[in-house]
């Protein structure tokens, strides 16, 4: 399961017009690239064309070094924004966590089992509770206390760690701190959070308590990219579970843990596999 | 399926204390009542005891005429609020609908097939679109146009129809009008509405459009009792369906219709079967 | 919702190799066809490439009359099996039904509301129960009694009706008769059945009774193309609902009706929208 | 969450007749027991009455030592089979596992977080892979190799370990060995297995491969008590996930792991909380 494929994935966003698919398909054919997966989406409202295409690098004349040069003409003609991702260059993650360790333990176990094709560069926590878990899985652990007073300083430490480890993606695995606008701006579409409600219901604090209070019959969890407005970023994945009048707040919290684990792990996996293309505060999830 | 059982159902709400179950069970045993179903719920926060018990009237010494008299002692001792419902006295429904007919058609078809043990006394609409459907199923149809100006007058006509037909329950099957406070007060816990979102997300108008705009990955529907605050009444049932970036607003509306049908029909059936006990702006749904 | 698009859909199956997407995309570009949707699937095990591409006929130089001629070169080069479907040529359905009318009523209501872009040419039943429903929706109804003795004769009558009405798709909406091998062979991948279990569990008769007997916690429904082996054809769609020990066989049957309606209607819609490509006794469902 | 309640739970099975609830409720009232939860089920087909009642031992005159004596009259009058369980006497588990460690890791993490009110007495494996995980959570680990030749001997070792540790429940957390009839007989309704399909579909080996082969659109998992017939014991819980033609066998296995974890952990929790009453090869799950 952990054998790493030798493939490249191109993600493209551009204004919709005739000829885009033909241009990309021809380009890849001329460079002897065998397409493994291709998926596209057209957004009529915004007149956007979005595409994901993955090909085998083995035997292809195109590679990471010469792609930009060769592709420049097409990119320019169709006014494309594009990214090229190589399966063999595994993204590097930082996981931030507070005291609740269920999402962290889940991600670490999945990573160890080969489900997540990434490197976990570090765990950062404002508590010490998860240090032993980090050690068990052999991941560097950094304890950084965050208070109202030292927030800027604490984040500066975090940035330094991210830079030193060349972190690509930051996962908030129930990290009970609000990031500063500066933090969020540094990592656009590179911070994934798990919120313990089906957004946009119960934005903000204590969603399970408020769900219990309201008497809903379903609880949910939502993974999303973090933007400057709390819990308003592009939604990546959501799921729900059924509850009844018999369930107390504690039961909601327990059932919610299973939702949070699954909904966060899907978002992380899809991001790592370059399946997510955000636009207009939404996400396209390519199959 | 449509053979009507000869049973009585007692719904009880009272302060929680020792001895309630023993008192009710002894009472029924002494009156030769064979218990068919019993279910109870205790709400610690509000110190409430809620119970539903159903028994066979055949061979029982207790019946609708003498129940109140015999039960008075227990009711008074435990400070009970109680209702007694007879399966053979079928509740009488009024269904209110605008132009969207999918919930109405669904309820009528279920009723005809014996799934809903009630009488449908009338259909009231502010449009003529559903008149032919009403005729097909043999249900009286009343066309009452509602405008800002004539609202009080229109509701007066509706009340008169409800009174004349001895209506027990009013079902808003996508009735796109807001009822007056006076209307709502007249029928406490006797008006069921279907809202086309998973409340409390997307309260108010055009929930599918707002769900599309927000980029959610799930859409929902909620059936609830109508109270004075719009979409804030006790929730009876909710369900969701998965959507993707490929789904346009029209697809949300189409998928939503299936949710609305199922979520409304469950609420109506549970109400008819006396399975719902509202308290503290929530509902207990007895199995 | 019922405005009919002026589009063409091409479904292609061929051995997988380099250059297929480029060839099709170039072909459409050269004929001024604006691609609206394209989706593809590669099956590594069978070395198959499967594609669905839909384009706007308005302003395109390619149309139903000249497509085969112009496309012949590509089709031959890549050894393609292909079908071209026009949105404006609505498929013609025959619905076969016995006494249970819930799937039929559901399909008719969806069709009337514009959810199914097809013509319903006829309803055939071995009972008279659904005649009134057919009349309400204005669909020709044919009563053909089927017995062990007259089966061949009855099917001959059915074939004659299908031929006269140029039927493209036959929907078994709880038609409690087993079709002859001859019937099945005449309409390959053109007969859709709904089976009331999650296949391959509970193949054959009385699946709800057997599910109850086995004590399962979920019931299901499966829509599939009919092949010569009972309940073994390519599965199109499945869904399930949760049950508990409180549910009796009658409850399973009731909950199952909602599953059957939804699972059958999805299969019919996907077939009509040319989203299904069967291969190797499976189906690809293009989004 | 981990504070242990001081409650007793009575599970009763007997022929259905009038007066059972009254007898039990009176009995508890006379012994000053405050009922916290009560739930019952009647099975008409087998004329059975099944009940679960939980009460607060604090302040009650009835306790574990004198219950049998005091309850003997009622038990005899109604021909009851009954069990009394004390929350403070935590059940002792043995978990058996082969190489796949996802269910084991999940159970250990839940246990550590207080979700499972039991003691995990040991982990037994025919492989060494999970030894480190056992050590991390501080659970005794026993490596017992099982071959065709030494099966009886290996099981004898296991029985000795179970006896020495006073094991109440054996959980097969993806233990890829078939237990001998003798093993099964020793622990009736005390062995819980997780099977990776929605039984009764895909009984036996390699269910994901067979699901892929059959082209199903849903995969499932089933937890059940082990009986002498493979995969035929009373089902405790089932759940499913949706798959598509894009999912390869590896994807089914990965999605299945999430199902297996959740479905097994629910069964274990319900057993520990004395919510399961098996009868007629089915289970009643009390809420």
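Should a chain be cited, it is by its letter among A, B, C and D, assigned in written order, with residues numbered from 1 in that chain.
One rule holds for everything that comes next: a contact is a pair of C-beta atoms (placed from the backbone, for glycine too) under 8 Å apart; a residue touches a chain by one contact, two chains touch by 3 or more.
Chain by chain, the UniProt names read as follows: A, B, C, D = Formyltetrahydrofolate deformylase.
A quick note: this is a predicted structure, and the numbers were derived from the prediction, not measured.
Chains that count as touching both chain A and chain C, per the definition above, are B, D. Chain centres computed from CA atoms place B at the largest separation from chain A. Looking at which positions face the partner, chain C and chain D present mostly the same ones, since more than half of the interface numbers are shared. Averaging C-alpha coordinates per chain places the centre of chain C 42 Å away from that of chain D. One finds 36 Å separating the Cα centroids of chain B and chain C. Shown for chain B are the residues that touch two or more other chains, namely 244, 246, 287. Taken as a graph of touching chains, this assembly is complete, with every chain in contact with every other.
Of all residues in chain A, only 41, 44, 198-202, 214-218, 220, 234-240, 244-246, 248, 280-285 touch chain B in the complex they form. Contact residues of chain B toward chain D in the complex are 18-19, 21-22, 25-26, 28-29, 32, 34-40, 42, 242, 287.
Within the complex formed with chain D, the chain A residues making contact are 1, 101-102, 105, 109, 113, 115, 136, 244, 246, 250, 254, 258, 262, 287.
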